[in-house]
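Before I ask anything, here is the structure I am working with.
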Amino acid sequence: MNTRIGVFGGSGYTGLELVQLLARHPKVELAMVTSDRWVGEPVRGVPSLKYVGHDAGREAKLDVALLATPAETSLKLAPELLARGSRVIDLSGAFRLKDAALYPRFYNFEHTQPALLAEALYGLPEVKRGTARLVANPGCYATAAALALKPLLAAGAVHPENLVISAASGVSGAGRKASEEYSFMEVSDDFRAYKSLNHQHTPEIAQTLGVEELTFIPHLLPMQRGILCTAVARLTGKHDPVAVLRAAYANEPLIRLLPKAEAVRIADAARTPLCLVGATADATRVVVCTAIDNLLKGAASQAIQNLNLMLGLDETEGLK
Amino acid sequence: MNTRIGVFGGSGYTGLELVQLLARHPKVELAMVTSDRWVGEPVRGVPSLKYVGHDAGREAKLDVALLATPAETSLKLAPELLARGSRVIDLSGAFRLKDAALYPRFYNFEHTQPALLAEALYGLPEVKRGTARLVANPGCYATAAALALKPLLAAGAVHPENLVISAASGVSGAGRKASEEYSFMEVSDDFRAYKSLNHQHTPEIAQTLGVEELTFIPHLLPMQRGILCTAVARLTGKHDPVAVLRAAYANEPLIRLLPKAEAVRIADAARTPLCLVGATADATRVVVCTAIDNLLKGAASQAIQNLNLMLGLDETEGLK
Amino acid sequence: MNTRIGVFGGSGYTGLELVQLLARHPKVELAMVTSDRWVGEPVRGVPSLKYVGHDAGREAKLDVALLATPAETSLKLAPELLARGSRVIDLSGAFRLKDAALYPRFYNFEHTQPALLAEALYGLPEVKRGTARLVANPGCYATAAALALKPLLAAGAVHPENLVISAASGVSGAGRKASEEYSFMEVSDDFRAYKSLNHQHTPEIAQTLGVEELTFIPHLLPMQRGILCTAVARLTGKHDPVAVLRAAYANEPLIRLLPKAEAVRIADAARTPLCLVGATADATRVVVCTAIDNLLKGAASQAIQNLNLMLGLDETEGLK
Amino acid sequence: MNTRIGVFGGSGYTGLELVQLLARHPKVELAMVTSDRWVGEPVRGVPSLKYVGHDAGREAKLDVALLATPAETSLKLAPELLARGSRVIDLSGAFRLKDAALYPRFYNFEHTQPALLAEALYGLPEVKRGTARLVANPGCYATAAALALKPLLAAGAVHPENLVISAASGVSGAGRKASEEYSFMEVSDDFRAYKSLNHQHTPEIAQTLGVEELTFIPHLLPMQRGILCTAVARLTGKHDPVAVLRAAYANEPLIRLLPKAEAVRIADAARTPLCLVGATADATRVVVCTAIDNLLKGAASQAIQNLNLMLGLDETEGLK
């Protein structure tokens, strides 16, 4: 019998990508997709299915539910779905931060599920593979930033102080919305920082890297898809940083190590499930650039990696 | 009698901007423009003039020559023009670095004019105003980076160690050229770092800031004009960085101080002679964003500022 | 005493351009600007003024009122302002169509001011210069299309049947709004027709050209500003179409005739008050391309032309 | 034994797409790829292969050779490869025009292979399916234009006179090249016509449509991929044009008929092998819009359609 998968939140940019990937996945069955705007219409990319509402979706008998919903919606849906026996992969931030006390500041709500927060696996496979009923799929910036620095910190090749991460994302990272801020007139021919020192992915990155402080500054790019992350760290001098990255990622099927920082381009990562990594160092510092598609390795394709791991499949099934 | 101005290199993007600005300048006369591709054609924006070659240009009797030529051309032209009694404002890097030994590494030539290098005034008016026969007009990134950090360093508000400057420029910064690298197909929908730790503006920024080391990483934006510079520095705790910037720039006619780092946008700086500055700080760090038009405050309009200072005019003459 | 000018609707893209132009106009005084979103804030570009609401604006004693308001607002404002002794230049479609019966179909309202409709001068100076209390400033597409074909039709160089006009506009033509349709995600990397055979400028173009039918198809470009209009007409064989255009536009200060259709580029018209015109013909057909900035020659700078004519000033005053 | 396929010209944009499609094709073997710039390097997307030069490529024993080479190269390669027993699908214009006399004007060479020209099948499957040793794969604009109008002309729904086709293409249509004309600075924020009345696809479209004259005007869009074709024709009144298109395309697997002209968007056709078609009519005229990806349905994926037909496979094999 096929593994039945459901997607909650199928009309956002991430949900649309998830549905595309699941529709082509050879080992699972996409059984249900919810949408708040398209109920009753054929599912885009899977016309044999029809979008249902969240309430109907909750009634579906699912082996695994993928939540592409806002964090507050995920916080309510996840315990209900787990109680019904489904496993859950949540693409929002609702279960990513182990410290519940951070939620009011970074997500504007009190966390009501501390036990699930403790239980949830933070699903960044290239950092740690595990199994769990509930997987918190990492944030897009957090994925790009952690993959840039984690092996270097773990090996002691760089100091955990004075980490500076400057990143830039395409507009799809802001989600589908009718707003003047993300209108063509406001975004095109422009580039600017936002939420500097205060972005909700900052504590997520710090948690993954195991550091107390880091400086993270995201920027908005006039393009649709992709993130470039430029991380700067001080070398300890104990290890060649390029060699450390090469060893760490030698067998990772979804990471491409490039010869230097400037070989990493968003254009080569867009529309792929890959993370591109490149580093340039001198005697004292290393610059690591990573590039991902924010909707794929930063969201939907990483959720498929986590789904494959959860089901005991090859991690790249459906992603080639 | 009018002050006679000549432009060498009038067909590059910077040269074209210079000619536009000089054509509208109420207090000087644009008397000569050279071009290597348009000799004999009417000067764009000043059809009463015709482009001449460099050799003819050298014969023109000029009060001030503005050089929008490659560094090696400027290195040859400047001493000749000075010897003929003209004053010179050079927009290339040929006279910017006080340490001649840096030229082979960053500009690929041995500097042959050490006396002129010593004599040249580095013309960043908001950092230092002076007078000289020969002015080295600052680089675009160097302008944006120095204006972000100089007042903070001068006041002792930030530490001179661990400075990290991530910057991004529109494509016009690469100059006018037929190359696959800067084709629409390669640049659009992409974003990447280049020359990380090795850009020729790095020593220029360090020289202006008076620091031994800094990490400077430029990136290429899929847009025509503008630079955003995002600088991160550690606070000493002795001064409020925002107050320091406010005091430093209170009376600067071409700097706009904005309430925080993310209020600084390339779109608001493009096609203006302004530098926008904004800072966001917490207890330990400050992020300063600056935005300029790389062809104006990063090149042509800053040259007009220097021309006005050289001639004893109001610094913003012709720039309003 | 200065001529006092007021702008109604100063926070839309057209209104912002109008204010910029009036602020630099040497012969008039910008006395009042209304805005529905920024009441009480300093007027952008004229910080000595503050935005007022429409009601307060109506009380201002104005020599000329420029209306950058929706058509239904203009329909109410214009008679009130005329009754108070102001002259009016309306940038909406409210007074452009001589046939009141067309309004319900193309503007979704019954026209309530037939006498003013009859009185209004259609202000396309290069087609007809006149004077009036009330000027209907032409639409952006209508300007570009009429300037492409009017001289050819007037001279009998082309047949009035089978005219096909394909045009493309930057996104600012849609106005400032928060909508998913004009979000960066929907507009960038896309191109499509809209309102084909049914755009409200179609009858306006037909009226100016004096033809019964024409095929007009607008398209949406992934860029901010500018319109390119590509018009195709059948030659009568009686006149050389290029010679006709050359004669018609020889003395027009704001038209640049280029040597062929493909020499006309939006990039050269953007941010200028010009209309670029170029034609390519063979034995039976002519293709005429025109390019304008939709916010300038298609709206604000054309309103300034009309203002100058109304006040007996040089038509290009404030536009050089 | 597998069908062995070779690609000549594997480093252009079309060649790269061809290689990607063939690498994933389940029923053929990609055996050889030539490149003039990457000889000896691993083939992009198929690292087990290495690029070879044209001379080595000619020696390969191929069942079918796909030529993504300039027309003059194809003119030389095709007869050689046919003589060696390979079948040939040529993606250039070398074998598209039945009238050899048109080549000097539109392709700047005398055609030296009139027999092959007569023999070649013009491979636009939705217009005519056939089999041949030599297939001329249609041009990108020609595909979009023919699919807009052919069923209407064939049914007698529109007049063959006064056809006007305005089309716009992304920059990849110009091929990979280092030129100032296609630099980011020249293409972005611009839109213009080119080769109006004189494009080499004009006689190709006329030949497919079976009309004597048509007006075809291509434009250059500031985006990478995709063509939108907007065709205008006069109705005969004998048939409902929308019904004619619906009937013609009801069973076409790679055509999507949309409810009206403005529903056709490049964004929905890009990166797909589809042609989107939509029509809007009134009593006298019809506007038909079509959208394709110029590199896929306009080149590489259409070549795969032709390859599948040649080999007796399902036409969409490898394209789903």
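So that you can tell them apart, the chains are marked A, B, C and D in the order they are listed, and the count of residues begins at 1 in each.
One rule holds for everything that comes next: a residue touches a chain if its C-beta (ideal position, glycine included) is under 8 Å from a C-beta of that chain, and two chains touch if they have at least 3 such contacts.
Note that the structure is a prediction, hence the values are computed from the model and not measured.
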| item | value |
| --- | --- |
| Longest centre-to-centre distance from chain D, chain (CA-based) | B |
| Chain B and chain D: spacing of chain centres that average the CA atoms, whole Å | 47 |
| Centre-to-centre distance between chain B and chain A (centres being mean Cα positions), rounded to whole Å | 39 |
| Residues of chain A engaged with two or more neighbouring chains | 186, 188-189, 222-224 |
| Pairwise touch network: line, ring, star, complete, or other | ring |
| Pairs of chains in contact (touch as defined earlier), listed by label | A-B, A-C, B-D, C-D |
| Touching residues on chain B, where the partner in the complex is chain A | 162, 164, 166, 168, 186, 188-197, 213, 215, 217, 219, 221-224, 226, 228, 230, 232, 234, 261-262, 264-267, 270, 280-282, 284-285, 287, 289, 291 |
| Residues on chain A engaged by chain C in the complex (per definition of touch) | 13, 171-172, 176-180, 182-189, 222-224 |
